[in-house]
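Think of it as A, B and C in the order they're written, each chain with its own count starting at 1.
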Amino acid sequence: MLKKFFANGVRTRFIGTIACGWFLLLAADRVDPLRVYQGGIVAIYVIAIASVILLTGYSGQVSLGQGAFMAIGGFSAALSSKYWHLPFFLTLIVAVLAGALAGALLGGGAARLSGPYLAGITLALAIGLPNLANQFSFLGGEQGLDYSVGDPPLRFGMDFTTDKWFFWITGLAALITLWWTQNILMSRYGRTWRALRSNPAAAQLAGIHVGRVKVLAFTLSAGLAGLAGALLSMTLFYALPSAFPLSLSFALVTGAVLAGVTHLLGSMLGAIVLVAIPAYAELLANKLGGAERVIANLPGLMISTLLILAVLFTPNGPGEQWRTFKEKKGKKDRQTR
Amino acid sequence: MLAFISTLLIGITVGAIYSLMALSLVLVWRSTRVINFAQAGQAIFSTYVAYEVIQRTGNFILGMAAAVVVGALLGALVEVLLMRTLFKRIHSGAVAAVAPVIATLGLLGVIRASVGLIWGNDGHRFDAPVSTQAFSMGNTVIPFSRFNLLVIATAALVMIVFTVIFQKTSLGLSLRASAFAPEIARLSGIRVGSIRTIGWAFAGATGAVAGVLISPNDSLTPNSLDLLLIFGFVSAVIGGLDSLIGAVVGGLVLGIGKALILAYLGSSLDYPTAFVVLAIVLIVRPGGIFSMKRGRNA
Amino acid sequence: MTLTVNNLSVDHGAIRALNEISFTVAPGQIAAVIGANGAGKTTLLRTLSGLTHATTGQATWEGKDILGKKPENLVRSGIAHVSEGKSVIAELSVKDNLALGGIWRKDKKDVALATQEVLELFPRLQERLGQSADTLSGGERQMLAIARALISRPGLLLLDEPSLGLAPLVVAQIFQTLSQLRERLGFTLVLVEQNAMSALKIADIGIIINLGRLVASGKASDLSNDPALRAAYLGY
């Protein structure tokens, strides 16, 4: 009976997710506040990186503009909160839908494109969209728009900090995202994406409607990015154009490559690295004398360098490297026996 | 009528700079089949070098020359160190198709951050070598300056030099042959690897010229050429990515189009215009206005 | 000026495309390499011109090892390869395609002379010098490809299926020209062909390969008179 229950992949993953969540909640009570805050950011990055992985790793399309979808999510959540006074939970839904809509639009165009054209168009989005936000007054200009989840419920107690509240929300969102994405990837859609990625011509011959599949991948991916954008805005209390710079898109691509673009769970590793690097960069920058230009540029330098190194040396992620190493070793062991 | 002509002239000035950026992207695309997003980084570094030289010597031409040399060297260096390693190491896997694009993106980040480390993120400034005051004829002022003229002349010079090199020299023939059919080129005794490096050097130099021409009297920051990269890319796509002439025409079309929109519809549509143009071109003429091809799955 | 191939094997990934092939072509001879589609003929030529890497074995030209050398260097030691499918660059003009033949050569006077010679040989190309190569007919393209190779003054010419996709009359013409050229210029020619009959007619020796293995080699006339070989591999 128990075996049958666990044999079902969906349920296994569901239980895994709950166990993970429980562990994280317990952990959040026992570490210092800065770590809790960073944990929240990690969770947001997990969602954003998962959105890149969904697109690049599984459907073989490259998006350099995931930061733009995050901006769309952040601003639409803030707008719906400001003008429609929606409760926080619903603004997150709005963010997902707005991101997904933008993704569907871009995906519709992208279905005809690939390679350099897609890369260029998404990069154009990432560079241009924040500029655009500055130009329209209803988006609040450089000051951005207020966006807040409000204080944590009183029943959690007086010492329940805002950071911890953020961590709970983002952590829950990240877990749901991972669980849901994993299920999508194991479904029929995931299989068609993989088929499309490894051999587009064959997939087309096998009756896969390439255009439709690409649009779907873009839609889902951008929806996730929108969610991440809304959550990022939440931790900043504002939806700000400057919160979604080009370097954010760079960082997400870096995170995805570090994760190994085909490994969803790798997104956690990628996210941790993305949060850890700026922290260490700041330490290092202060040691180097703490000049403003060093503090401002060292994280970007480290992340970009890491991206190049990762693409050159572990293009399929450290996980892949480890697996091939183990496979080789396993083969050797069997041969010696 | 006069207003229209001066708008046109402004458009040609801006478009000439876009053309140069587009040329540098097309040069790399033809030889390596990679869109070099790091071009914006290489160009900004070269432009800062020009800024340093102009600061010290007060000579704009010397600054431009330094930028061109540094841009060419940097381009060659990127090809030899990064691209060759990349193509040697990566043949298969989920990332193989997108690895070059990601690598150039990483390089763009590295160069931007390095420029920030060296010169800081605050805006720098250097002056144009000639007046940027509008010409005036009697009472009518044409918003077109000596500097605009210089920009157009410089861009035209670069294009003439390229035309001569590509059409009249054996280096040009090697560049074209290697771009269209690397295998036949090798069988004809052309050292395709070295030719590719030269192509990247040309591209780097061209990008540097674009950077130095667009920066005077404006704030120079590590990311001030990002938009130029996008406009250059759009121009290259309009021209079909493979065609040098297409890149020039694409730049002029975009420049003039933008100037007209700016003059008659307002400045807030500046950036969206490029994006809309890009979308329309990709949907209506996916092969660029210079090609008869259908899809864009290169 | 002898081409010697000894125990040459080439792998394409897990597939063995050529398996321990050995033969010798004496100076000035025409060797016809015959075999069905996928026999490994093209792989053989690509290996000899440096485009494909050999797995094991040796090959020498003029007593020097040629395996593992780059094509751009082998051209300089006199090996010219006209690859499969009318190897011209469609985007370039006829003139530029011809210019490619001598682009690496220092002796520009002789390049001009050689160009003059091939234009006399193929007057059709003279008429079309300014046109883009993709406006040429199949036969003209093949002429252009051969002309380009000749301008490099090769000692060894590797020719991959010059008859592919051409009308029989044109094929006959091209083979006749090749035979005359060899008499006049004295190069050694390795000709890969599916059209066994025409190829063996002008060849001195024949090399028959099937599924990557050498089936038979010897005097062309002997091979074409062997009833068993004719039935199994030559198809006439």
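Convention: contacts are C-beta pairs under 8 Å (C-beta built on N, C-alpha and C of every residue); 3 or more make two chains touch, one makes a residue touch a chain.
Which protein is which chain? UniProt says A, B, C = Unannotated protein.
This structure is a prediction, so every number in the text was calculated from the model and none was measured.
Novice: In graph terms, with chains as vertices and touches as edges, which category applies: line, ring, star, complete, or other?
Specialist: Chain contacts: open path, no cycle.
Novice: If we define chain centres by averaging CA atoms, which chain lands farthest from subunit B (Unannotated protein)? Would you check?
Specialist: Greatest centre separation from subunit B (Unannotated protein) goes to chain C.
Novice: Which two chains meet at the most C-beta pairs?
Specialist: Most contacting pair of chains: A-B.
Novice: Between subunit B (Unannotated protein) and subunit C (Unannotated protein), what distance separates the C-alpha centroids? Give it in angstrom.
Specialist: Here subunit B (Unannotated protein) and subunit C (Unannotated protein) have centroids separated by 43 Å.
Novice: With chain centres taken as the means of their Cα atoms, state the distance from subunit A (Unannotated protein) to subunit B (Unannotated protein) in Å.
Specialist: Computed value for the inter-centroid distance: 32 Å.
Novice: Need the CA-centroid distance for the pair subunit A (Unannotated protein) / subunit C (Unannotated protein), whole Å please.
Specialist: The computed centroid separation for subunit A (Unannotated protein) versus subunit C (Unannotated protein) comes out at 55 Å.
Novice: Spell out the part of subunit B (Unannotated protein) that touches subunit A (Unannotated protein) in their complex, as residue ranges.
Specialist: Residues 29, 34-35, 37, 82, 85-86, 89-90, 93-99, 101-103, 105-110, 112-114, 116-117, 119-121, 222-223, 226-227, 229-230, 233-234, 237, 241, 268, 271-272, 274-275, 278-279, 282-283, 286, 295-298 of subunit B (Unannotated protein) touch subunit A (Unannotated protein) in their complex.
Novice: Could you pull out which subunit A (Unannotated protein) residues touch subunit B (Unannotated protein) in their complex?
Specialist: 56-57, 60, 62, 64, 109, 112-117, 119-121, 123-125, 127-128, 131-132, 135-136, 197, 246-247, 250, 253-254, 257, 261-262, 292-294, 296-298, 300-301, 303-305, 307-308, 311-313, 315-316, 320
Novice: Within their complex, state which residues of subunit C (Unannotated protein) touch subunit B (Unannotated protein).
Specialist: Interface residues on subunit C (Unannotated protein), with respect to subunit B (Unannotated protein): 49, 51, 70-72, 75-76, 80-81, 83, 87-92, 96, 99-101, 103-105, 148, 152.
Novice: For the complex, give me every residue of subunit B (Unannotated protein) touching subunit C (Unannotated protein).
Specialist: Per the stated touch rule, the residues are 170, 173-174, 176-177, 180-181, 183-192.
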